[in-house]
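Dropping a structure here in structure tokens format, bear with me for questions.
Naming follows writing order (A, B, C and D), and every chain is counted from residue 1.
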Amino acid sequence: MNLTPYSKVLIQGFSEYITANHVAQMKANGTNLVAGVNPGSGGQQMYSLPVFDLVEEVVEKFGVIDTTIICVHPYQVLDAALEALESDIRQIIIISPGVPPLDMVQLLRKAEAKETLIVGPNSPGIIIPGKILLGTQPSEFYTAGSVGILSRSTTLTYEIARELTDAGLGQSMSVSIGSDAIVGSSFLQWLQILDEDEATKTIVLVGQPGGDREEAAARYIAEAIDKPVVAYIAGTQAPSARHWRQTGTLAAVIGRDPDFGTAKNKLAAFSFARVPVAERPSQIPELVKKALR
Amino acid sequence: MNLTPYSKVLIQGFSEYITANHVAQMKANGTNLVAGVNPGSGGQQMYSLPVFDLVEEVVEKFGVIDTTIICVHPYQVLDAALEALESDIRQIIIISPGVPPLDMVQLLRKAEAKETLIVGPNSPGIIIPGKILLGTQPSEFYTAGSVGILSRSTTLTYEIARELTDAGLGQSMSVSIGSDAIVGSSFLQWLQILDEDEATKTIVLVGQPGGDREEAAARYIAEAIDKPVVAYIAGTQAPSARHWRQTGTLAAVIGRDPDFGTAKNKLAAFSFARVPVAERPSQIPELVKKALR
Amino acid sequence: MDLLEYQVKEWFANIGIPVLPSQRIDHPTDLKRLKIDYPIVLKSQVNAAERAKVGGVRFVETTIDAIAAARSIFNLPILGQLPEVLLAETKYETEQEFYLAVVLDTAVCRPILLGCTEAMDIDWDSADEKMHYVVVEQEFSPFYARQLALKMGLQGALMQSVSNVVEKMYQLFVEKDLDLVEINPLGVSPSGQVMALNGNVSINERAIGRHPNMADIAKAMVNPYTSSHTIRNLGDWDVVEMHGKIAILGNGAGLVMATLDLVVNSGGKPGVCLNLRHASVTETSPTTFKSRLEQALKNLATDKSIQVILINFLGSISQGTEVSEVIGDFVESSMTEAQLFMAKSNGGKNRRENSFPRLVVRLAGSEFDTARIDIAALKTPTDTSITVVENLDEGVAEAIRLAKSTVYRRF
Amino acid sequence: MDLLEYQVKEWFANIGIPVLPSQRIDHPTDLKRLKIDYPIVLKSQVNAAERAKVGGVRFVETTIDAIAAARSIFNLPILGQLPEVLLAETKYETEQEFYLAVVLDTAVCRPILLGCTEAMDIDWDSADEKMHYVVVEQEFSPFYARQLALKMGLQGALMQSVSNVVEKMYQLFVEKDLDLVEINPLGVSPSGQVMALNGNVSINERAIGRHPNMADIAKAMVNPYTSSHTIRNLGDWDVVEMHGKIAILGNGAGLVMATLDLVVNSGGKPGVCLNLRHASVTETSPTTFKSRLEQALKNLATDKSIQVILINFLGSISQGTEVSEVIGDFVESSMTEAQLFMAKSNGGKNRRENSFPRLVVRLAGSEFDTARIDIAALKTPTDTSITVVENLDEGVAEAIRLAKSTVYRRF
């Protein structure tokens, strides 16, 4: 992991998922954004960034790139990420939503072989308030502090940051692993990182229906995480209308647990792991304060 | 490289490319042949070998396998080799001829990533006379000694071993890298191995028209090989009727050298590298003796 | 998106998975031109595992029986659906029946191969003991299929023919970007021949755009998860349909759900909840946030059960500044409609009734600074102002209050 | 195996590479039913880069001219081949012409992408300066195609449309197991549109068996490297055709070539040389060593230019023990034929003429111990015995001696 302000960052693709405002915010937050790659636009400037046709051209000019932020059309994500892998970029953040899952499977096989971190797809990325912003998280809702936020949502993550900030609780780091069915990094990986991160004192984990990532996280928290964790699950009142079997996990297919993927199941897992769960976003600051006592 | 008699060897597939006689010879030559894999024949015995359906079953029963000898139908070679790679077998010898080249490209990408040696396809394998036989080389033409034979032929390799044996010159090792257009290991790799091999005093390199492997070997011999090398090229009198462009190398496509791939070109390369070239197989022992003086 | 059996079998046949001779029946009289031999089985083409139990599958031996059976199946609704097509298929003698599937496992992020030597009426509660699986860790190669067949306890020729079928299923899975391919049951004849007797194929909606033929199939199919025709294209998590009076529009699935929870937990009743953050995955033409918001407001205005629209936007939206514009246009066009209505009904009614729902707009973030001011200044057909808030809990409370108020009722 | 232009363009169109509207012309009168607009170009469908220079390509503007031109092209042999089909194609205005190719590089064991901003008459001697290439090191992804287009010096939209074409070419290359896909030239219109004006596709013969459609194409095509119809199916290095009197049969390509060299270097003249080690890659039905040897001897017996057959087998042959059997059968059937001939010609000629070639059999290895004895004991129609040796040089010397001898001449 290289999340220092010195690390060099690249943007691949300028689609609807990234705006001039996002780029400006990243720069304003200390991110060392060196260039953009947009095939066919080499030699131009976009959002005040020099644009190249190929990743290798950027590496040639600026040296090793630490992180790339991918915002291309979902069907081009695999190609863009493989290009980044070929240029030995070790941190890849995929903002684009709607990447075909089998493209992700292909990418993850390669990324694992090359020990490359993939965050996303459909993720607003990572922010360390006051230090670095890698993605599209709106920094205005954040202030530096000691709460780590871990989620797979976009705007809901900011909502929670906003509540914490309003309550005077700054954040050490906020990561969304992305809300697509198949994503690179897991809650477990980030729980471990936040557990080891010196700036982090409490962790807020934000979940939503679908899959069993929250359940896995709850088990891991009970087993391996020393710092206090507060959870919030959205969608507890939403009807569960999805056929989980088809996009679910082995557990869903084999066990066919009728509660698989539901918020109810996730709440039960956190309760079993003795993790306090907030009923509403505005209750989170209170639980964080309680946890820190 | 693990070519000791203790290393465990597996055969995948029992097609027309391998006979009971080959298996018996391998055993007679000290090869530690532990099992065969032939999907659908699990539990049977073939050529006195226990047969399994999967490579992983063999590994489970006998522990790490060092070498596998693949003799399946050419269209199943890729699958068999990938199965071997998944079971961490680090030496793969492909006897089957006629493997589709793009299957080989796929396999080589994976094998390189896993640092696995691939010999062949269309190779009779490796023999260290009196110690180990990995493949279908007929041991009766060989005797232990100090001449290393390196070729990409099958029967022509044995012809040369026979001439050497008849002339009282035993062999330290004989390897055929295989005569298909795309093969795993190269002359260069084996020249280096033979150069470092203590038992080897002279190297006989046997070539034939097609590609530019002999030319590359000649350059490498001039640059890096200390031991004396004697060459023989078959097909010097054969008409060159092939469109090299289509199965050739970049050099063939771009340069369109009219002599690319011809025996003439190869003879010129060895002459330039000051490697003596035998006119006929029966002249090789004489040149080897001269080289050793 | 699930294919119907006859479509599944077409795909199976094309990729080389053995299927029985069959014929699509669009009308009972098609059976007079049957090209396959009796006895046959007639099957209702609806997506429901229960169809056999409720009479959607019939064995017949003569044309007369077949036509009669077809008539009755065409008129038999299953889970509320009438079949548009039947499938006539040769009868097959099986000795054993297996279950096979390829499915994407979102926990391990890999496809998995599933197999069981029981089929049809698998008791799913105890399935984890009987069901075998193989994770396709690296790129697929046929040995993964053999691993599955061996785990299922098969041997020799049957092991090979089953693994060949699994290999073809995987090929189909990748070629067509599927979420699921299932054969249930795979019939095994006394001579050891295998046959896909029934199957399911579920297409991944995200990949439809890169398979031109599939886009056509998708268009023809109704999304089975939503019933409302106006919004069914919003797909997956982008729509949650409930039956209350408060519609929710948000930019982000998690945020929409959090808002929904807040409404319920505070005693309100949510109606349709829409996530406008992205275009629907099945949308073929590109949309903008602006166009999605316009479309959503337009659709909600026609739904008379909605009394309040609670808009909850936060953070950066590419067209953030356009939010007030769209809401302004919406209010204005509603005004015109209301005036037209008043004119038509000749001012006959005195109560201030009209078709305009109340709006509560929660906007958080500096991007909305001007939008908040502009929206608060808008004049609505009901002469009420639009509530604009920054705090979410406050917005929810206001929406509930308005939904409960009976002063301005839509009709 | 090279496809003809019209086949190439069908493939291009199917995979999405832009090609002009065209029509296959099997007979000059087909031009009366032309569905494309004049002016058109008519092209002889033969595999020869020189066809334009020798008159195999003609531009025509009217039906009358087209029919006349077609008649003359149908009757114009190019490199000895008459076209069976012509291709009629719309004329295209180009501003630039590029060269693009995907080819398998046997040195780096990877496919390579090739591109050049000149085309048609590339001066291949200086091509290495103008030709750009990219090695597809890992699994292909479109960025490799962009790398090539950028190396070619292209920019913006043209860079993208060229790299799109390369991407499709690579897709075709992998999907059909090709050795080569070439577009020459790729026309670029003044508006920047690209069009594959001519192309070459070379199929890898080893992969034909797994592409059912290709096997049909392969069957219909004559191998351009050999002219003899009886042995053309032996393919690649498995046959070397020369014009001397000594046929060579061996088990291994290198061994056959070494034997050929020895014959030439010792003053002899080789005829057809065959490698029997493996079945031909294009052979559809499985063969055994035994059946290949039988077939080869049968074919050679019909070739009156062959005086001596030199057989050189060494090492292990799966059917080693059957060699003497096959040779025995061959000799016996020749005996019968010779007797029939004698009977027919009524003993009219006194010279011992017949259709039986002399045989020199070199067998090395213990597997042939009994075969050597058995073969040496065979009686031939010419009453000469078959020479059996173990030493190769000896066998070659004997074959040459027999070929030069005039005592027993075949006629």
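As a working rule, a residue touches a chain if its C-beta (ideal position, glycine included) is under 8 Å from a C-beta of that chain, and two chains touch if they have at least 3 such contacts.
Here the structure is a predicted model, which is why all the values come from computation and not from measurement.
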| item | value |
| --- | --- |
| Chain labels contacting chain B and also chain D | none |
| Pair exhibiting more inter-chain C-beta contacts, B-C or A-C | A-C |
| Maximum centroid distance from chain A, chain identifier (CA atoms) | D |
| Centre distance in Å when chain A and chain B are each reduced to the mean of their C-alpha atoms | 50 |
| Geometric centre distance via CA averages, chain D-chain A, whole Å | 57 |
| Whole-Å separation of chain centres (CA-atom averages), chain A against chain C | 27 |
| Multi-partner residues of chain C (at least 2 other chains) | 137-139 |
| Multi-partner residues of chain B (at least 2 other chains) | none |
| Topology of the chain contact graph, where touching chains are joined (line, ring, star, complete, other) | ring |
| Full enumeration of touching chain pairs | A-C, A-D, B-C, B-D |
| Of all residues in chain A, those that touch chain C in their complex | 16, 19, 21-22, 74-75, 97-102, 104-105, 108-109, 136, 138, 140-141, 151-159, 162, 179, 181-183, 206, 208-213, 216, 234-239, 241-242, 245-251, 253-256, 279-282 |
| Residues on chain C engaged by chain B in the complex (per definition of touch) | 137-139, 141-143, 146-147, 150, 155-157, 159-160, 163 |
| List of chain B residues in touch with chain C within their complex | 39-43, 53-56, 76, 78-80, 82-83, 86 |
| Residues of chain C touching chain A in the complex | 101, 103-112, 114, 124-125, 127-128, 131, 133, 137-139, 173-174, 177, 179-180, 202, 204, 206-207, 209-210, 225, 236-237, 240-242, 250-255, 257-258, 260-265, 270, 273, 277-278, 281, 288, 313-316, 318, 364-367, 392-393 |
